[in-house]
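Structures are listed in the sections that come next.
Both of the next two complexes hold subunit A, though its partner changes from subunit B to subunit C.
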Partner chain A sequence: MYASCSMLKDFKKMFLKVQLNWNVVIPAESLDIKGLMLQKAILIRLLDDFSTKRATKDLGYLLAVTTLDKIGEGKVREHSGDVLFPVTFTCLSFKVFKGEIVEGVVHKILKHGVFMRCGPIENLYLSNQKMSDYEYQIGESPCFLNMKTGSRIEKDVGLRCVVIGVKYMEAMKEIQAVVGLEGDYLGPV
Partner chain B sequence: MSEKGEKGGKSALKSPASKGKDKGRKVQFDSEDMFDEKFETNGNGKSNGKADGYSGKGKGGKGDKGGSGKKEPRALLLNVEQEIPENVTCLMDCEAAQIMQGIQEHMVLLSKDPSIKIPISFDRALQYASRGNHYTDPHSVRKVLEPLKNQGVSDAEMCLIANTAVESVGEAFGLMPSLKAKKSKVKEPLKSALTELEKLKIVMESTKKAIVLD
Partner chain C sequence: MSKIVILGTEVQIIIAVYLIFRLKLSLSMSGEEEENAAELKIGDEFLKAKCLMNCEVSLILEHKYEQLQQMSEDPLNQVSQVFEKSLQYVKRFSRYKNPDAVRQVRELLSRQQLAEFELCVLGNLCPETVEEAIAMVPSIKSRGRGHDDEAIEKMLNDMSLIKKFE
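Take a look at the complex of A and B:
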């Protein structure tokens, strides 16, 4: 099974394309220039907000603004004089879903399981309970070993696994997921 | 946290049904940290407390912690459509890679202007997408796979077929239990789609092997 698995490298999680409506606030001092420069100011501000936002629960990690579709009529904010522009844009994001097949690269091995990295996701956790064929091996470079097949899970190994659960950490703007190896065509690649 | 746990945990799953009593209800909703303690294994946690992916009953929720409490008979179904808002479409990795590579080509120019900020996740996502991009032309891939939708294959399943670069029908069913449910309808069209996809693959020395369709 694992032999066939190694043929098909690389699969991952889901990239999403989404159209969003946001409000962009342009400070009063940036408004003395008109036309294209204003558009640029709006775009820069949007990219700034977009980068700062980093991730959302529904969309996962925000990656890039692909098109700026519409800039609406600006509204002046009374107290500050800033102008608020409603903008519609399309962007790309990245998220993992339960049931999805993902590939992670192992970066930490503990007795109870391993942590993997997968694109922008820093922590995919594979518990030893979810890889019952593998046994923890203590040593200088600890690993999980499958006694039957001899396949090893060690640092920097790519693992194809299935997503069991996903959690979004609002405070850190981070997605974490638990994954499993129980199923066909799953394992080191 | 632990004292909330008892009342909060239970009703969080049933909240839409138990409207009547509003008092003290905030506990469940304002505490995002409730989610900190457990992974959502059922949908996006919006309100549909039913464990949609599992064949089990809706009562799951609480016991899902760690996912190991019960027996294993439930298959993890891919229910992306239920988890994402309507205005979102799933992209195949090869499509995402193409878009991001387009942006990357302008990066030299863009990075000259310090006011233009690029999300920190961009590089790693691009790296990831490029690594898994095994098709020469994303448009053709979509064209080949799109007809499968008529057989009930969802957008997400379609993307996963492309992303995992499955080589046989058996592998596709093995990896996607949700697809298995439509096996009778999907098997033949999927077989021919996979044959077509094989032709679109970027030819890599190591990848050249006979297609084994079951």
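Take a look at the complex of A and C:
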């Protein structure tokens, strides 16, 4: 726990507000409209790039651009004639880390575990081996039941759990994580 | 394709031209340029990164969503999936709804010599007892910053007071 916490401190967590420097390419055709229109073109291009990017390994999911801080001087590209602008902007991103305690919503219950949703992360997997106090209950709406406390994990329940491992899938631009309920004060909220 | 609100037809033309151009570009572009455009200098940028609590993110995203609503009839169509899911999530898991309360919690917690991530975990989970707080953020106890049980308890009390009076 100690080690994972110091790691968290270095990497920060969850929702991040971060300033980035990207390059935006404006094609030569749209350059003849001067002044404000150019700025608008740069902004639109940036927002488009931003939502296409979706997620990165280091920052996690890219949520929204909050401010456009600086548009640098454009550089003309020799072959094509379009212009590359260095842009500084601030955005929000979302990521989870090993050892972190998160809250998510259960959206699928299977015999061997449950899948949870946590913000833009669709697949947070909680295996039945990581919730040994809970037993699978078969029925019309299946659930996991804690015999001692009577607490119940079913669909749409909010669950507090600890992150055991995180994986970033480059091809799908998606983060997947494995979580557990083994620890104090974890479980349905 | 473009998920942002488009203000005039000129812009749409620009985008159309751009798309055609991108097609040409991708054919002619050298590998070096491509790398450049997608470059993310993570090391430096992460130093400036700041953690936000769910309730703060909720305020920002809702504000953005309202802006979109004013500009278009169907704002859900304008935002990315990532945006939409995040908004749903923070709406459900924000302990504080009122902007003033959110500000107060941030102020209160930033006076406590906490690391950014500790601050956010406490603000998100709102533990009720000292043991729960330590279970959620074990490092608050173990780094010798004068966080004895009393100090933690006072902090948790103040947090629940803000919740009560928001």
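Assume the second predicted complex is superposed on the first by the 176 of 189 C-alpha atoms of A that agree within 3 Å, B and C clash if a C-alpha of one lies under 4 Å from a C-alpha of the other, contacts with A are read in each partner's own complex, and residues count from 1 in each chain.
FYI, a residue touches a chain if its C-beta (ideal position, glycine included) is under 8 Å from a C-beta of that chain, and two chains touch if they have at least 3 such contacts.
Since the structure is predicted, the reported quantities are computational estimates derived from the model, not experimental observations.
Colleague: When the two structures are laid over each other on subunit A, do subunit B and subunit C clash or fit?
Modeller: Overlaying the two structures gives a clash between subunit B and subunit C.
Colleague: So in the superposed three-chain picture, is A:80 touching just subunit B, just subunit C, both, or none of them (first/second/both/neither)?
Modeller: second
Colleague: Per the contact definition in the header, classify A:134: touching subunit B only (first), subunit C only (second), both, or neither.
Modeller: A:134 contacts neither subunit B nor subunit C.
Colleague: Could you look at A:37 and tell me whether it touches subunit B, subunit C, both or neither (first, second, both, neither)?
Modeller: A:37: touches subunit C, not subunit B.
Colleague: Which partner chains sit in contact with A:164 here, subunit B, subunit C, both or neither? Use first/second/both/neither.
Modeller: After superposing on A, A:164 lies in contact with subunit B but is clear of subunit C.
Colleague: Quick check on the superposed pair: does A:144 touch subunit B, subunit C, both, or neither? Answer first, second, both or neither.
Modeller: A:144: touches no partner chain.
Colleague: Quick one: classify A:98 as touching subunit B (first), subunit C (second), both or neither.
Modeller: The answer is first: A:98 touches subunit B but not subunit C.
Colleague: In the superposed arrangement, which partner chain does A:178 touch: subunit B (first), subunit C (second), both, or neither?
Modeller: A:178: touches subunit B, not subunit C.
Colleague: So in the superposed three-chain picture, is A:119 touching just subunit B, just subunit C, both, or none of them (first/second/both/neither)?
Modeller: In the superposed model, A:119 contacts both subunit B and subunit C.
Colleague: So subunit A touches subunit B in one structure and subunit C in the other; where do those two contact lists coincide?
Modeller: 8-9, 11-12, 14-20, 44, 47-48, 51, 54-55, 58-59, 61-64, 66, 92, 94, 100-101, 103, 118-120, 183-185
Colleague: Where on subunit A does subunit C make contact in their complex?
Modeller: 1-2, 5-6, 8-9, 11-23, 25-30, 33, 37, 40-41, 44-45, 47-48, 51, 54-56, 58-59, 61-64, 66, 77, 79-80, 82, 84, 92, 94, 100-101, 103, 105, 117-120, 122, 158, 160, 183-185
Colleague: For a test of understanding, state which residues of subunit A touch subunit B in their complex under the given definition.
Modeller: Touch residues, subunit A against subunit B: 4, 7-12, 14-20, 44, 47-48, 50-52, 54-55, 57-59, 61-64, 66, 92, 94, 97-101, 103, 118-120, 127, 129-130, 162-170, 176-178, 180, 182-186.
Colleague: Over in the complex, which subunit C residues touch subunit A? Could you list them?
Modeller: 1-4, 6-7, 10-11, 14-15, 17-18, 21-22, 24-25, 28-29, 33, 36-37, 39-42, 45-46, 48-54, 56-57, 60-61, 64, 80-83, 85-86, 89-90, 92-93, 115-117, 120-121, 124-125, 127, 131-132, 135-139, 142
Colleague: Contact residues on subunit B for subunit A in the complex?
Modeller: Going through subunit B, the ones touching subunit A are 32, 35-36, 38-42, 44, 53, 64, 66-68, 72, 76-80, 83-85, 87-93, 95-96, 99-100, 103, 115-122, 124-125, 127-129, 131-132, 134, 156, 159-160, 163-167, 171, 174-178, 207, 209.
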